[in-house]
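The structure that follows is given in the form of structure tokens.
Chains here go by letter, A, B and C, matching the order in which they are written, and residues are numbered from 1 within each.
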């Protein structure tokens, strides 16, 4: 059965009326002579014409955040890349990963109870779900519930459209339909982005309530206030691309850091100007560029005098962790940092 | 025989023969005899061949099977996940099948007969099982926190008794609340089980469980890692569930209660991981923690340590049956050479069987002028300022 | 006669290290591969060269065959006693005699294992390493050199026989000879400039003597090590890709692999490229050279490097890789054997397709791959088939597939490596008759009684 594809939620008129072209003008990786040029390229994308942006895009998701109208510029860009067969990475690399990350049909129905924590495809990190922070949590994990947002990096909206509904169906039928809760805590904000921003833009129904990890942690910290021993430590934060899909949660992270006594030292490459960890450009065969990003990023981190380099994205941590550690910063996930403050 | 369905799956790639860093052969029987037949893979294939009636069960085959020291190196280093968890179980099942076929080396037969008749490997009257404590004046177990359980060697072997006495003294010095049951307990049966004599193991275990129940024992400190293993892992299935600790595990956390004499000469000590504390129960820390808490001790490591440690050769009942000695490369002799190479002046042990095996080896290797084998509580006691 | 043999051998090595028992005769009659068993009359384990010499002299006296054996991991049955006699298990001769850090060689006894030398160098000479094959670490250096093995430094240094710097060998008649510089100068730094007698003992499957010592080249061991995995879909591109990657002269090791399992890998052609450097900067520079050499394919989006975060690289950097031994568990049956064919690089696609076709025809579980030898000078292309040892039909299928592969490899102009006894006959059939006549002449001179591993390299 062939179902008609729901187009990306996008209003071309908003773009035409836009006076900033913030999506491209803020881009940290593609340079434009002036706004006129950026606007011209953006209009080409809108109209389905070829644009150098489609070829040069690092796929960092940031334009999703920069657009003042929430007009999904990045999802549209990926749509156009795929329509035109513009591959950011070699075909065998994409194909092989499509298979690696594909559903395996290995789930078995298991009772879960609140809080249900979705660990996506990070089975090696299920040990992070521990202690008071995650007391009573049920963990769900595996490629059969993979959020599939990564395909935004590979011009594969079609895969997102094909697989995300299946994953949602798996989450419901294997876990949540019989559970005492309709909420699902996303360990990785990439999952949260899928079930909120992406699902909305692609017209995918989400029958459960995704909870962002920061919201979950923040609430738990209120409940566990008596246990908090402030860290009194300076930290730098590696804000991941996935947080661009839910930028409103960044301020919640600030609240978390304040509660546990972590000083998020301002630096050049945090918040709106966060830098890509370098992982995806390597898949795009741009290692030398990735090296530059890593060097700039870590040099910037080192100017802060921080003790910890905090990650929320396990992939960023896997990509940058060793490099950061080699430079004397301790790489750590947000949840683990909180666990330290809680004495777990 | 149990596990026979896995025997043919062994590829004989030989990872099982080595430690994780490949330094040298780490399977005691293979090290000593060097024929492929004595390696874990050799045993797997021979068992298969025997079941397929391609070879007969004779004295050589029995010697090959019973020389396995159940040290667990093969389980640790086999390249096949999951399969490897059943390696030792298959060897033990193989020994059981050989016993059923009436095919056991004479030394094994003698050992098991003594166990059957006397409940200990020394053929001593069980009513004298409290004699090791002699003048120590240890309290009989009643409402103390722990029961102190001495194994066969600790109860009857002269050197084992010294160690049992030393551990008891140190436990007392560290204000650990414990008592002993002077009569009624027999061998823990660990090595009987490792020889495949399951029924006898269960008989011994049940006898002990009856006594332990009578005394309402909940927490046990064992002298031997072998006892620790049996009581912790095998007794629960037979109705005896206790909180079981090896003595190093209790003492490691009690070291801060000790006062040490000043001006102790610095000394280099290597810790020999006992197989039944280390590989079988994944505790590589307690013995080292005890030693590191003592001023003046400089802990050095042998090339093969922790999960790579070379067994003393006494496991699997070989301490009693002595099937592994005879060549220049008996495990114990190789081990003391390794300790000497590491620059250690003392080789620290945490098992009475290891102590006896390695002390004998030091003499054979003529290393007694430069290397001393000592049990960890003895090393600690030498430096403790006694308070009574 | 056998009890006399055992007693006489016992007088040489001590009774503990000789056996005529059914258990040893059974186990030493076969290896892990598919060749049928052939039992020895005795297994003996000498401790030194002199004991080896005495064993060989005794064998001459009794006209009894002698089969030298390292770890017995050849898989192609070369250490079976095809005509009975004595298997000489060399593993008690396991001393590392010398490491010369300045001239970068090690001298080891004939039973020293790969793992033992690796561990020794890591501890005592961390700046040096030797080329490890992907055989399990208990495999011996001597056995591997004698079969022209290859390994983790083979792009850099060629096959392991190319890394040999000299040998001490007990001849079939009991003389002890040395080849290479050690025969003149005492040191083991090179085989040149002398007549290269080492060739008399490599590739001969133990039919010309017993290697009791050898010198092997050592190479710099780097602080920083990395691996790239290149992925392509078109087998016809592989020779050019290999050529470009090797042209950088940066890789230590290059191993293409094509397997149907895990499922994601099926149909793709991978090349693991290992390289190292003293500094991170140098490592990055080398990576850039490798990537630049095949940039064109990435730009065309038809092939590229798999993105591997550092934690995922660990398994590719493990030397030797236990994955190869694990292949034996694929059918939960403890067996695999492979045809490794030494062949020209340009035959890559032919070999790949032949492997797929044979696996399909014989319904065997396969893994295909290669190790590049030298700077793209040739390759050892392997066709590995797993089988269930307990299933005679499965073993037969694997055996048939291996035989078909040997034929296919020879038809493609490749030469089966460490060939089984039947494959040796196939090779001889294709060999220049006068070349084979020379081989026979040499054997006749070296081994007048025909005692050395008889049944091998015979018409």
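Please note the rule applied: a residue touches a chain if its C-beta (ideal position, glycine included) is under 8 Å from a C-beta of that chain, and two chains touch if they have at least 3 such contacts.
None of these values were measured; they are calculated from a predicted model.
Enquirer: Give the identifier of the chain nearest to the protein's overall CA centre, each chain being represented by its own CA mean.
Expert: If one averages C-alpha positions chain by chain, the most central is C.
Enquirer: Which chain lies the greatest distance away from chain C when centres are computed from Cα atoms alone?
Expert: Farthest from chain C by mean C-alpha position: A.
Enquirer: Just the number, please: Cα centre separation of chain B and chain C in whole Å.
Expert: Computed from C-alpha means, the inter-chain centre distance equals 39 Å.
Enquirer: Per the centroid of Cα atoms for each chain, what is the distance between chain A and chain C, given in Å?
Expert: 47
Enquirer: From the C-alpha centre of chain A to that of chain B, how far is it in Å?
Expert: The mean C-alpha positions of chain A and chain B differ by 52 Å.
Enquirer: How about chain C: which of its residues touch chain A in the complex?
Expert: 231-233, 262-265, 268, 284, 287-288, 291, 295, 297-298, 301-307, 309-312
Enquirer: Per the contact definition, I'd like the list of chain A residues that touch chain C in the complex.
Expert: 87, 89-93, 95-97, 99-100, 102, 279-280, 282-283, 285, 287-288, 291, 315, 318-319, 321-322
Enquirer: Which residues of chain C touch chain B once you look at their complex with the stated criterion?
Expert: Within the complex, chain C touches chain B at residues 16-17, 19, 21-24, 26-28, 32, 43, 45, 71-73, 89, 91-92, 94, 113-116, 118-120, 122-123, 136-139, 322, 325-326, 328-329, 332-336, 388-390.
Enquirer: For chain B, which residues are in contact with chain C within the complex?
Expert: The touching residues are 8-15, 17-18, 21-24, 33-37, 42, 45-46, 49, 54-56, 58, 60-61, 64, 79-80, 83, 303, 326-327.
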